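You will see two complexes here that share subunit A, one where it goes with subunit B and one where it goes with subunit C.
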Partner chain A sequence: MEEDVQKTLLEIADDELILGWRDSEWTGIAPFLEEDVAFSSIAQNEIGHARALYELAARDLDTTADELAFDRSPEEYRCSRLVELRLLDWERTIARHYLYENADAKRLEQLKQSDDSEIAGLAAKIDREEAYHRIHAQMWFDRLKDEARFTAALEELRPLVDADRTEHGPELTELWEEMTMVRRSQPAGTKW
Partner chain B sequence: MGGDDNGAPLATGGDEVVTAEQVWEALAEIPDPEIPVISLVDLGVIRDVDVEDGHVRVDFTPTFLGCPALEVMRDAMAERIRELGAEPEINVRSDDSWSTDRITPEGRKKLRASGFAPPAPRDAAAPTLVQLQSNVFRCPYCGSTATKLENIFGPTPCRSLRYCTTCKQPFEQFKTI
Partner chain C sequence: MIYEIFRQERKGQPFQHAGSLDAPDRAFAETYAKEFYGRRGESEALWVIPRESILEIEEFVDELNRNYHRVDGYSLKEKLKEARARAASAKGAGALSADEG
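Up next, the complex of A and B:
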């Protein structure tokens, strides 16, 4: 696998893992029961995508999906600043969802054209699932598009879509502490 | 299906070597962990069974990549194959070659009988909200198409929630993938 392809797989995997974690923070406290179910389900899908992408990347790197997901330091993650933010308000959550799904669709479309049949096949499978996320994001966009709070949230978050992936905020470190706590509590080499 | 089931050759211990047909039969008895009315074979997720010298390789596709039943299915398949006296190898194929179109007619019938509406056929293009909100989805209880989308998402990644305005029954719709 070429280095730039490897890099792309890890970027997407990191995005999906971190966003999946953030989306799951709405479980139990979303403003409607339907959205509680929706964000929990989306979170589950994103983490499933992350796992499949890490597994594919891990094979060439002589490592494992879990090691890639949890044994790197926060600075080594290549997720977007957009996904690492801990958002506790609905308008920014939906704005991020909308911006992310649109950006994600474009890169998946490119990955589907890959000469590597495993990469193209996985991208196609992921894209089938993401189609439902896009419908959900679009439905909320249409509902909120004339609300000032929502349009302000979109403008605030939009620049983060193309932000430098080597720069992270303190929120990623906090999330990393939480995400890897159990794994770090075990002696090295523990089998899960 | 595999073509390794001719003649039932003998293994070195004198035991009969497992055939692909026996493996398919055993796998057909494993229920989907989350929708137990339907088996893994009904779901169409078992793509290929290859038997060679007491070694059984099963190619299998997850329905959704984040499906937590993945490990349970994999372990259940391995266990059944060991019970047949063979060494299992379960190969998870994460590509787009499986779709809900592969659920067997028998599987669709079983889904409907237990209150799950089977998936609509897959189109070349991705599904749209307009489609999901249309009235082509049939209530598995009364057969009415006067049903509406309640939530694209449901209790597991593979399901949506709908409501039948005829018999006033909420039901789960298998998502097309």
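Up next, the complex of A and C:
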């Protein structure tokens, strides 16, 4: 696998893992029950996508998906600043969801053209689930597009879509510590 | 707004009530219905209906108890029982019989 392909795979995997984690923080506290179910389902999909991407990258890097997902230090992650933010209000959460899904669609479209049939195949499979995510994001956008808080949130977050992926904030470190806490506490040699 | 969801298990089968959900508008209702009842390919089709569109009928005109229009409206068993009861009481009352008297 070429280096830049590998780099892209890790970027997407990191994005999906971190965004999946952030989205799952809304389980139980989303605006209303039906949305709670839909958003949790989306979060679960994202973790699933991350796992599949890590598996693919891990084979080439002679490691495992778990090690890639959890054993790097925060600085080594290549997720975007957009996904690592801890957002406690719904308007920015849903604005992020909308921005991310649109950017991700373009990225997946490119991957689907890959010469590597496994990558292209995985991208196609992921894209089918992402179709639901896009419908969901568009639905919220159509409903909120005239709301000042929502449009302000979109404008605030838009610059982060293409921000430098090597620069991370303290939120990612906090997230990483919470995410890997159990794994790091596992005494050496024990097996799950 | 509450929406009632009906799902069709297989082509040609009747739609059956599957549940309800709360959604602010039709677009949300459609997305949620697909999410809850269609993500795993479990339904051939769905009907998503605002509850207020449903005309519910619970009271019916109480027609005659045994409506002879209906297949089950004419109970032979009952009629025989009545006939036997009439015959018994007629006999008991000393009604005419060619053999007696």
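The rule we apply is simple: the second predicted complex is superposed on the first by the 187 of 192 C-alpha atoms of A that agree within 3 Å, B and C clash if a C-alpha of one lies under 4 Å from a C-alpha of the other, contacts with A are read in each partner's own complex, and residues count from 1 in each chain.
The rule we apply is simple: a residue touches a chain if its C-beta (ideal position, glycine included) is under 8 Å from a C-beta of that chain, and two chains touch if they have at least 3 such contacts.
Note that the structure is a prediction, hence the values are computed from the model and not measured.
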Clash or fit (per the criteria above) of subunit B with subunit C on subunit A: clash
First, second, both or neither for A:44, with subunit B first and subunit C second: first
More subunit A residues in contact - subunit B or subunit C: B
Contacts of A:17 with subunit B and subunit C, given as first, second, both or neither: neither
Touched partner set for A:132, first subunit B, second subunit C, both or neither: both
Touching partner for A:172 - first (subunit B), second (subunit C), both, neither: neither
Which of subunit B and subunit C A:34 touches, first, second, both or neither: both
Contacts of A:121 with subunit B and subunit C, given as first, second, both or neither: first
Which superposed partner A:143 touches (first subunit B, second subunit C, both, neither): second
When the two complexes are fitted on chain A, the stretch of subunit C hitting subunit B, from 42-50, 60-68 or 78-86: 42-50
Subunit B and subunit C footprints on subunit A, overlapping residues: 34, 37-38, 41, 132, 135-136, 139
Contact set on subunit A toward subunit C in their complex: 32-34, 37-38, 41, 132, 135-136, 139, 142-143
Complex contacts: residues of subunit C adjacent to subunit A: 21-25, 27-28, 31-32, 34-36, 39
In the complex with subunit B, residue positions of subunit A that touch it: 34, 37-38, 40-42, 44-49, 51-52, 55-56, 117-118, 121-122, 124-129, 131-132, 134-136, 138-139
Touch list for subunit B against partner subunit A, complex: 62, 64-68, 94-97, 99, 126-129, 132, 150-157, 161, 175, 177
